[in-house]
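Shared between the two complexes below is subunit A, which has subunit B as its partner in the first and subunit C in the second.
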Partner chain A sequence: MKHNIPDSVIKNYQTMVRKLTPKSPLGSGCLRAFVVGGFICIIGQAATDLSHVYLDLNASEALTFGSVFLVFITALLTGIGVFDRIARYAGAGTVVPITGFANAMVSPAMEFKAEGWVLGTGAKLFTIAGPVLAYGISTAVAVGILYFLIGW
Partner chain B sequence: MKSLKIGKQTIRFLSAPSLVAAASVVGPKEGRGPLSQHYDIILDDPINHTESYEMAEHTMLLQACKHCLTKANMQEEQIDLILGGDLLNQILSTTLTARELQRPFIGLYGACSTMAESLLMGSICVDGGYAENALCAVSSHYCTAERQFRYPLEYGNQRTPAAQWTVTGAGAFLISHTQHSPVCIPCGTIGKVMDYQIKDANNMGAAMAPAAADTLAAHFQDTGRTPKDYDHIFSGDLGKVGSDLLKNLMKQKGYALIEDNYTDCGLMVFDPKDDVHAGASGCGCSAVVLSAYILDKIRIGAWKRVLFMATGALMSTTSSQQGESIPGIAHAIVLEHREDGMK
Partner chain C sequence: MIFMYLKAFLVGGILCAIGEALILKTKLTPARILVVYIVAGVILSAAGLYKPLVQFAGAGATVPLTGFGHALAQGTIQAVQEKGWIGAFTGGLTATAGGIAAAVFFGLIAAFCFKPKPKDF
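Right, the complex of A and B next:
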């Protein structure tokens, strides 16, 4: 027990809060994420296919080109202050594709430039992407070891 | 010695200090809001022609202080005491402003409740004779608050429907013993820290509402008044969710707020179409509404007695990440119209 407030009062209040706090619109949110996320994937696929045909890249090079293309576009849109508006509309639609990662790197780089290149941009560059990298790479290593041991 | 305390938490001021002048400075988004024509200064650019948003917030606060002194027809040297605060670490914007003004300074931190906190402290000092003129000043800035408490500005994420938007704005108020004014401060209620175990940092209204209800109920109990005794009651920045919760809590406490004489300042700053979800927040929220709107109504006598209560979520990002709930606080002051102050 904290601060001498009876548990029943806390419980009643939290029920009231749940009742009066509006919920995020799940249906329209999913639909937006699906449409915008799908659209981003179409652009990525188009960049990959077109680079394969017109830039004479092989299949694996073309895949890299597709990713680089999306990262570049995201960085540009973040830089001119448009990306956050698209993301506010699309939610997971922009976060899940590689665009989310690019934005998570570029936005702190811009934001903390005021504190200098080393202690600002340098130190804060990974504040958002850091956890994703740390656990993403850790998971990859763990799965890699498992794969090695089972030895398919 | 005669006690100036009424009941448990309310204090009265014998001389009812005058609120002689007020100034408000807001950012461009606030400048497009419903109170647009009431503000003293509207910035054309959120960075206010400086190098960083921190400096922008500081210069905005300085502008508010200087404009307030101009309105009161006073020199900087006549200020005996500056009382103020903001939301940043080390109350940066206020400290830099006090560095500029070179007058005795006491820094305050009450999160978004700092507006009422500084007016309470200012009234105490002026009424007690420790200062003839006290300048109460607070500020908040959307861009500095975002980077300290949330994400970089250009980071693309969605806000939850209960989230609020920090006001870019500063307010400065001059409380004085020497000048007469149609607005005076006869009493105020000092709030307690209340914590009903809300941990959602995106629902500040819910974290603050219990403190608001506690302070309001204490005020009514101490003074023997009811909501009907006020022409209007304002809460600081509870937003849509928080003010709905406050109404419910007050009904339970037996002091139901009347629909047309209670308003939350957080619902007055932005155009609802402006994508601000549950409303406005920040020290600047209640400060600019008080300066630009409420005081004018009292000055002309349209309202004779108003209760102004600023609410604060005393959240630390560190304790919040460690799983601690968000403590809330609310302070209230009474503002009255004084007929003989018109002279």
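Right, the complex of A and C next:
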């Protein structure tokens, strides 16, 4: 291609474009997800450890307590509108931990109150939890049957 | 002790960062991420690959949804060992009953108690 624009001008323009293009959100998004998600896991670990020591729960009960605690906190923070703000900052940092599962139940259940307690709240509680449980449970049952048949 | 919390932070954080990368770079929505993570957790756990991660990182591996899948798979396998084929249908939900019941119960309570907030974006 023929043009009479000096090379230096093109170079300048290219550096300018590079400077003004917003940086890919990948790096900062992943960092925020990493920090918030990691922090949620620390809370889960602390709840598990503390219940093991102070509530006299055995190891697997303490793990359940950790999950229940995080689910409770998520329901509360979603109810008062704080969870949405954290989630908007953290992206997958709040989605991937069990907080994401809990929020995906609480949020539509609240949102669809206007459609009634049964087909609004009751049904929408499972908008996202439904598919998650359907695929999770079905995969686990398949694993169990395979394990029974070939006993690996 | 402190070291355990550091490992939980690192592993949990990395699992979340992978999720964020998947949301930004693929067509996976947060809802699909949840499904992918729980199924991945069941399969990795059944293949024996997830247990070492749980032993290493504790809540860093059990709090993410892959850990939920791990609990489903381990509960199922354990029940099959104890009760035979019927365990395939009872073990998974028995192991995860606490988390699921809590999410349903607190979800319902929160919906009773709070009004939805207007979205400010």
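Assume the second predicted complex is superposed on the first by the 128 of 152 C-alpha atoms of A that agree within 3 Å, B and C clash if a C-alpha of one lies under 4 Å from a C-alpha of the other, contacts with A are read in each partner's own complex, and residues count from 1 in each chain.
Keep this in mind: a contact is a pair of C-beta atoms (placed from the backbone, for glycine too) under 8 Å apart; a residue touches a chain by one contact, two chains touch by 3 or more.
Small disclaimer: the values here were computed from a predicted structure and weren't measured.
In the overlay built on the shared chain, the residue A:81 is in contact with subunit B and with subunit C. In the superposed pair of complexes, A:129 makes contact with subunit C only, with no contact to subunit B. In the superposition on chain A, A:144 makes contact with subunit C only, not with subunit B. In the superposition on chain A, contact is made by A:14 with subunit B only, not with subunit C. In the superposition on chain A, A:95 contacts both subunit B and subunit C. A count of residues in subunit A touched by subunit B and by subunit C gives the higher number to C.
Once chain A of one complex is fitted onto chain A of the other, the partner contacts of A:106 extend to both subunit B and subunit C. Residues common to the contacts of subunit A with subunit B and with subunit C across the two structures: 29, 78-79, 81, 84, 88, 91, 95, 100, 104, 106, 110-111, 128.
Across the complex, subunit A meets subunit C through its residues 25-26, 29-42, 44-46, 48, 63-68, 70-72, 74-76, 78-81, 84, 88, 90-93, 95-98, 100-102, 104-106, 109-111, 113, 121-122, 125, 128-129, 131-133, 135-137, 139-141, 143-148. Of all residues in subunit B, only 51-54, 147, 151-162, 194-198, 203, 206, 210, 241, 244-245, 248-249, 275 touch subunit A in the complex they form. If you check the complex, the residues on subunit C that touch subunit A are 4-5, 8-25, 30-31, 33-35, 37-39, 41-43, 46, 57-60, 62-65, 67-69, 71-73, 75-77, 79-80, 84-85, 87-89, 91-93, 98-100, 102-104, 106-111, 113-117, 119, 121.
Within the complex formed with subunit B, the residues of subunit A that make contact are 2-3, 5, 9-10, 13-14, 16-17, 20-24, 29, 78-79, 81, 83-84, 86-88, 91, 94-95, 100, 103-104, 106-108, 110-112, 114, 128.
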